[in-house]
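Here the structure comes first, spelled out in structure tokens, and everything after it is commentary.
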Amino acid sequence: MDSLIPLFIIIPLGIAFLIPLTWRLIPGICRFLPSTGMLALVVIAFFLLFYVGEGVVTYKVGGWEPMDNIPIGIHLVADGLSMMMLIIVNIIGMMAGLFSIPYINKYTGENYYYSLFSLMVAGMNGVVMTGDLFNLFVFLEVSVIASYALVAFGTSKYELEASFKYQVLGGIASLFILFSLAMTYWYTGTLNIADVAQVIRSGSEGSTALFIQLFMVAGFGLKAAMIPFHAWLPDAHSSAPSPISAMLSGVLIKAIGVYAILRLFFTMFNITIEISYVITTIGVLSMVVGVLLAIGQWDMKRLLAYHSISQMGYVMTAAGIAMIIIAKGGETRVAALALAGGLFHMFNHAAFKSLLFLNAGAVEYSTGTRNLKELGGMADLMPITSITSMGASMSISGIPPFNGFFSKLIIIIAAVQGRFYLIALLAVIVSIITLASFMKVQRYVFLDKTRTQKLEDAREVPFLMCLPMIIMAILCLAMSLMLIPGIRDTFLLNAVNTLLSVIS
Amino acid sequence: MKGMTIIVKNVTALLSGLVFLYGCYIVLHGHLTPGGGFAGGIIIAGSFILLVIANGIHYFRLNKEKEESSLFEGAGIFCFLLLAAGGLLLAVPVFFKNLLPVGTPGELFSAGIIPIYNIFIGVEVAAALLSIFLAFVIFKTED
Amino acid sequence: MITYLLCFILFLVGLYGVLTRKNLIKIIIGLSVMEYSLYLFLTLIGYIEGGAAPIIDPSKPASLVVDPLPQAFVLTAIVIGLATTALLLAIAIRLYKKYKTFDIDKINTLKG
Amino acid sequence: METTLIVILILMIVGAIHALHARDLLSAIVSYAVVGYSLVVGFLVLKAPDLAIVQIVVETIALIIMISVLIISTREDLAKRETVIIKGQWYINVRNLAYIFFALVAGFFLVYFFNKVSYGLEPLGVHETRMATEYIKSGVEGTGSVNLVTGVLLDYRGYDTLGEATILFTAVMGILAILRLKTHKI
């Protein structure tokens, strides 16, 4: 059973190396290879989630047993949180892979596209599964370099400039992360996350841990596009090809940014008051400023990119609240609730945000323009896209039957129980502004009848693009079932307990 | 750009063979002396780049060369991954296990699977850097 | 302690260069200088006074040896640095073909 | 030994500052090469021959690629344009002054905080290895490779090197994707 764990790296990497080799012979099969690989990984992840259940399975790469309980080799960690992230990463990867088959047909160099796509997913799988700090940095670089090249895939003026800005800021973030790794090695002498936690907990209460954490927040915060470091996100996400911006905004900023912050700050360091206030202020700031920036946008993908910042702000605020409660020694029940809300919202956001980007891609594919002023009346021309887009818009703005509502509700309840009334109020206001902004999108793109002459020939996108959109819309509805006690324990509470187990 | 003067062309024709040999030495003795797959691979790529610079752009039929070198690179790294995951396939349920006998340290055939890893990495790194250099050169001349 | 401090100052010089220079190539140089300071910083951490190079001669048993672990990281990080610099240069050369300049202000068409 | 390191580091800082303020790009790249090759000397002083050989070779390749990028923008027009000074607008000068002031303050605060933290940690030369004791003690028998760094790289942490080779492969795929000549089929 254990030998299934490295498959999450071997299968995507094998596909990525095979595609350029076999592109000349079987291009048709090579197009479907990434999606089928990720489908197999989703099945394995589900299987492992039920197999791992409550406990933690550490897989020792290279078979190096720890010598007098100091780990030597690299350990892959499979627990509730990493399995849930793997499921989300591979589902969205499969959908974007299917969506990009007709979409990328109009570009040349498709074999480079599919190879880079599966490398990006392999990097994310590697980041989510490692228990070793430097390995996390290496696989973070794999997926980030693949995403730099994919953002600049169309090589038009805007994409090149957006990719350059994204790469410079991403490069600075990676160097901050490498600097904090070097300081961690200097302070503790080891790199295994569990081992570092052991040394830091037994070590003296110096300001070294705070210095390391500040650089980590700067590095991973920039990868997760939090407010002080969000400058690259709107350009990179709006000028990238749509399946790529769906992957970037849906999964990359989560698997690399927020997941890494949660994993490192909850398991590796002991939670102090200063760090929890830093995280909460960053979360609230990006929640509010993200949505305020989003109101004035008329380009569909740029508007969605700003909303990603504010939704990620929700997740960081929930994590910040949980950290403040733990740091102050409050009852961990409310902290667990806040963390559950944050994680649930992260998983939901992956589903509906990538669906929204796929819809924007479908509209751009058939009409050729993304500007809200020029679009109009797409409802009767493109029925499937408009229905799925309506579903996704309702779930992002938190309307009951959809999953967005439940996760925002849990976050607000946790904020109220933790006596953070200001944060709860801000969360409600931001949710209302999100609703208003998405109603604007619905009206201008789909429901407004005045259609300019140029858009008459717009027709529905091919089947391979509709299938992922339909499945994602169903997923948006299905994930609201995750609150039922039976399903909730395996999916959500395992993830929360792995984070909180170190503290309690 | 017809390349450099006749003197440079002859010297590089002789020299690049030596540089290539030195690169192979570094790759093969990775587990004995400093260096290894990465350093040796880059030196091998350097010897090819020396030839392209000295003899001008038309020396290689560049586009075909670029395709071949990226094929070499894909093959190199795919064999590396196959070797690393080899343990999984041969029922040794461990990724990256050092399967071969470890031998007496200090000799050429001594560190189990490490020299073979070094060779594959050397091939992959050499082909990668050659592809990068050719991509830059082709982009500048064609466009 | 002064060497660690100088390393950190080199890191800040690189960061200053990246944030304030207007020329694409100088931004790439600034990023690369930041990487160089981190490589030196990691090797400084692993240095042990009086230790020999991490190549152990099997005939005579090893005396004190320098820590090989940070050296393995720096070797990996050097090749990562080469990969990112090459990708940045590819985008810079393509931008130069379109805008005929390396200057950020003239390229800055996208709203921030 | 410490003084040689300080001299090397000062040389690197001066080289970096000149590289960022050089008027034309070719001299910027030459001073960038000074920083790179003095790093090689630093590695040799710190008893890291593996890193010295990799760094010297990587630095040469990086310079070749950088100069191949630079040849197309000739040296003269760059020099001419670099020295254009924005005259007259007072707010530009004030803004630049504000930038420099802010940079100095942030830099001083970071350096002070780093200094306070680094006093709590091990000084140069004193390093009590925790994870690496096993590599030094039984590295040769365990992996059979005399060169410990290669042993660590390919056997103890071979998974890192797989990620490493993948990064180079990704970079090549990215560069071939970005530098392809015809990007759209129609």
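Order as written gives the chain letters A, B, C and D; numbering starts at 1 within each chain.
The working rule: a residue touches a chain if its C-beta (ideal position, glycine included) is under 8 Å from a C-beta of that chain, and two chains touch if they have at least 3 such contacts.
In this text the structure is predicted, and so the values were computed from the model without any measurement.
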{"item": "Between the pairs B-C and A-C, the one where more C-beta pairs touch", "value": "A-C"}
{"item": "Distance between chain centroids, defined by C-alpha means - chain B, chain D (Å)", "value": "23"}
{"item": "Distance between the centres, which are taken as Cα means, of chain D and chain A, whole angstrom", "value": "30"}
{"item": "Multi-chain contact sites of chain D, meaning residues that touch two or more partners", "value": "49-50, 54, 58, 61, 65, 69, 72, 114, 127, 129, 131-132, 135, 140, 146-147, 149, 151, 153, 155, 157-164, 166-171, 174-176, 178-179"}
{"item": "Multi-chain contact residues (two or more partners), chain A", "value": "13, 17, 20, 61-62, 134, 138, 141, 145, 148-149, 152, 155, 160, 186, 191"}
{"item": "Sequence positions of chain B contacting 2 or more other chains", "value": "33-34, 38, 70, 74, 77, 81, 95-96, 98, 105-106, 125, 132, 135-136, 139-140, 143"}
{"item": "Overall pattern in which the protein chains touch one another (line/ring/star/complete/other)", "value": "complete"}
{"item": "Chain C - residues contacting chain A, complex", "value": "11, 15, 18, 24, 27, 31, 34-35, 38, 41-42, 45, 69-70, 73, 76-77, 80, 83-84, 87-88, 91-92, 94-95, 98-99, 107-110, 112"}
{"item": "Partner chain D, residues of chain B touching it in the complex", "value": "26, 30-39, 42-43, 45-46, 49, 53, 66, 70, 73-74, 77, 80-81, 84, 95-96, 98, 102-103, 105-106, 110-114, 117-118, 121, 124-125, 128-129, 131-133, 135-140, 142-143"}
{"item": "In the complex with chain A, residue positions of chain D that touch it", "value": "113-114, 116-117, 120-122, 127-135, 155-160, 162-164, 166-167, 169-171, 173-178, 180, 182-186"}
{"item": "List of chain A residues in touch with chain C within their complex", "value": "134, 138, 141, 145, 148-149, 152, 155, 157-158, 160-165, 167-168, 171-172, 174-175, 178-179, 181-182, 185-186, 191, 231, 234-235, 239"}
{"item": "Residues of chain C touching chain D in the complex", "value": "1-10, 12-14, 16-17, 19-21, 23, 25-26, 28-30, 32-33, 36-37, 39-40, 43-49, 51-58, 62, 65-69, 71-72, 74-76, 78-87, 89-94, 96, 102-103"}
